[in-house]
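What follows is a set of structures for review.
Heads up, the next two complexes both have chain A, just with different partners, chain B and then chain C.
The block that comes next holds the complex of A and B.
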């Protein structure tokens, strides 16, 4: 039970991150390597705010806004011109790698490459007794938050006018424009939302470990991509199920095999799923856009 | 209403339009006829704002729309039903229509959808199907209906007959006549000259990026068409 909750909680941070990446990769088709840095920037913004004595809620909001703006401005400043020039997909990938390296260097220099303690005061870190077991309260909060965020995002994309416009632009930017949709703002707002989700995951992870460094989230990026491939490209539901599954597998692998094999077992799971279902758990069959 | 003067479109070294001038009056239906590769699609995409003109001007009444972003041109009432229909395949028929009315008030979108179902009853039966699952003819109807959802002043259609059975084409032509009758201006790009001349009052003949003939549909002689289009 304990391990199950731990797995779900780790998985929900994967899922949050996965949803954010899904939005820009699965939906808009931009594979962003800057996501881990966005996550870290959000967590730093929260850390700085909390260190100045502001309450947790203010710290979290500051983290979300800063990471959202970082992500949204990256789109407006760098991707909008690329899109206007109809740059090949690979150009976007290289730019995100560049942004990630630059911001990593910046963070490393600001913190002198040190791991900073992340203030946990005010976060729900004390354990909760559930069915006779001790369960970290923060894990439950993470889990519940991810599920709520997933539901909201799914509702937005499929049931609202602006969400439908996102899917229209994602399918064809030209067609969206012909219908009177300002695609530039659609892209920028998706990047903003994706950034806030990354920050949320980053803050959760920093609060549960109690520390933060410029390279805290580097290893997680690959997992976020794995989550998406596992869940199925472009599927929000897939990202959350993929994230939770990967979290559970990681925790059980650590407990029953060895922490050395944690990532390996997680990747093995993905391989098995992909061999059986190449489009991922919730992915639609690969279709060609005509 | 829309006046295009000396429009030039280039793709790098390739010149697609070599300084053409076209005019469409309010309420008028005009066609641009030309063979494959004449520059019809470049013209339509440029008017819609998807391609920037290299030279020349596009005026909508007193407003300059040449070079403006496509979503702004669309908001001004110049709406393109693109070649190949460009249905948003994962979205339902209803959502495709709703997106057509993206800049219209909510209440009007609802009423317009009912109007579109009256115009193309087949869409009413498939409202919840994914757009990508419709037949070619149904997709063309959806594309036109989606264009009309924006309540355009000028509806531009790029090869609406392409790849469709004659009976379906007749259906679509009937609908376009109805639309034109209600006062919407139409600019139709077609390879099929007799079809285009059938529903438009005036025609321009576009060959190799240049207008080689123009006039009332009856005057643009069959022999001229044959000379350029055969």
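The block that comes next holds the complex of A and C.
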């Protein structure tokens, strides 16, 4: 039972990661390697604000806005011209690798490659005893946050006019434009929202580990991709279920098989799911993947 | 033979030559349209195979390196079946996962000595040997590029359906390109192991791939010489921007990747880019010719008008036109 709770709490951070990627990659189909850097930038912005003595909520909002602007501007400055030129999809991937390279170098030079302590004061970090079990309170908050964000994203994408416009543009940009949708702003706002969600995950992860460095999010980028691949492309609910499942698999595999799996579970998941069931758990069937 | 070079220069030369092999490995995959992000995984296989065989089993170095190549190629053949089913960015994702899985596997097994790596690998690769190897490799590459296989691989990248319609076995081309790419990466990894004498899993992380990637993409997939020359040019450039610190290198790589994708997504050796440059030049020449013809026509018209106004003998327009043959020739 304790293992189950550990798995869920690990999974809740994975789910939050997945939520951040799902909009840009899952819905719009752009594989972005700059996601880890967006998370780090948001966490840095929050850290700077918190160090100035502002309350936690201000710090979180500052992080969200800065990362959102970073992500939205990246879309307007780089992806809009690429889209106009109808560049092949790998061009987007390479541009995001370039962006992550530049911002990583920038952060490393600003912080002199040091790991900074992240203030945990004000975050709900103390453990909670529930039904006689130890439950990390921060994981609970993360789980609740990801479920709320998932519900909001799902409502937005499927029930509102602007969300429907996003899905229309994702399906076919030309058709969307013919229907009078300004695809440029749809893409930019999706990137802005995805940036804020990335920052949310970045801030929570920094608060749970209590430290932050320019490379602290590099390793978990593949985890985020694994969550989306497992949950299924384009499925918001898949991101949550995929994240929780990945956390559970990771914990149980570590306990019953070998600790190797804790690190390798993301890669193995990507490989196995792409080969066996490319559409993931909840994804729609698409022929372009295989 | 290389006594006149300083140790640092010899070091740079060796590193560059080994990197060149890796760049060629990436190029071979790109040429067939495979967005392969796994070469460092295969380089790790090559390096560890020869390191283990030479230090633990006391194999001769040459046999160790050959075993490294074969090991990487066999592993690529095994994983090709699932990985090559994927396309586009999914292939990229699958190969990233594969490379990371290999590195994580190496850092967790006991016989590879985990994250500590292997040291005391005999350093038996000389600069001269590397140079000869590289020349042989270049000759083979050029022969291969001109062969049926090389042309077929380029055709598969440009248009899979047309290539398939022309009777090219796409699966086979993709499979062989993947395996050749992995074998070359294994060779580079094995050479690197014997040059540095120490290897550890973190040497094969994703960040190491980025410079290689820059060379291959900026050079383009039209000709193997493009990536190789770009690699050498950046190595030379790096000697001069040394003073600016290592952060600048990252900035330059990042900016290069972005600018290349914005301006010429298929790299500098892309035949389409060259054609476009040529076309632009010829268009400028044509415009100049048209402007000259228009000037001449205006001059003729002014001449006719002046003659008519002076009331003298009206000049026969046809004689003026015959004096200016370029008007008749102008479209």
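As a convention for this text, the second predicted complex is superposed on the first by the 261 of 290 C-alpha atoms of A that agree within 3 Å, B and C clash if a C-alpha of one lies under 4 Å from a C-alpha of the other, contacts with A are read in each partner's own complex, and residues count from 1 in each chain.
Simple rule for what comes next: a contact is a pair of C-beta atoms (placed from the backbone, for glycine too) under 8 Å apart; a residue touches a chain by one contact, two chains touch by 3 or more.
What you see is a predicted model; the values in this text were computed from it and never measured.
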Next item on the list: Considering only touches as defined above, state whether A:264 meets chain B (first), chain C (second), both or neither.
Entry: second
Check: More chain A residues touched by chain B or by chain C?
Finding: C
Margin query: Just to be sure I read the superposition right, which of the two partners does A:175 touch: chain B = first, chain C = second, or both, or neither?
Written below: first
Checklist line | First, second, both or neither for A:161, with chain B first and chain C second | finding: first
Next item on the list: Mind working out whether A:183 is in touch with chain B, chain C, both or neither, as first, second, both or neither?
Entry: first
Note to self: Under the stated touch criterion, which partner chain does A:91 make contact with: chain B (first), chain C (second), both, or neither?
What the structure shows: second
Checklist line | Doubly contacted chain A residues - partners chain C and chain B | finding: 289-290
Margin query: Which residues of chain A touch chain C once you look at their complex with the stated criterion?
Written below: 31, 78, 81-82, 87-91, 93-95, 97-102, 104-106, 108-109, 218, 222, 225-226, 229, 258-260, 263-264, 266-268, 270-271, 274-275, 278, 288-290
Note to self: Quick check on the complex: what are the chain A residues that touch chain B?
What the structure shows: 161, 164-165, 167-168, 171-172, 174-183, 287, 289-290
Checklist line | Residue ranges of chain C touching chain A (in the complex, touch as defined) | finding: 35, 82-83, 85-90, 92-94, 96-98, 100-101, 104-105, 108, 206-207, 210, 213, 217, 245, 247, 250-251, 253-258, 260-262, 265
Check: Any idea which chain B residues touch chain A in the complex?
Finding: 48-50, 69-71, 74-75, 79-80, 82, 84, 86, 88-91, 95, 98-100, 102-103, 132, 146, 150
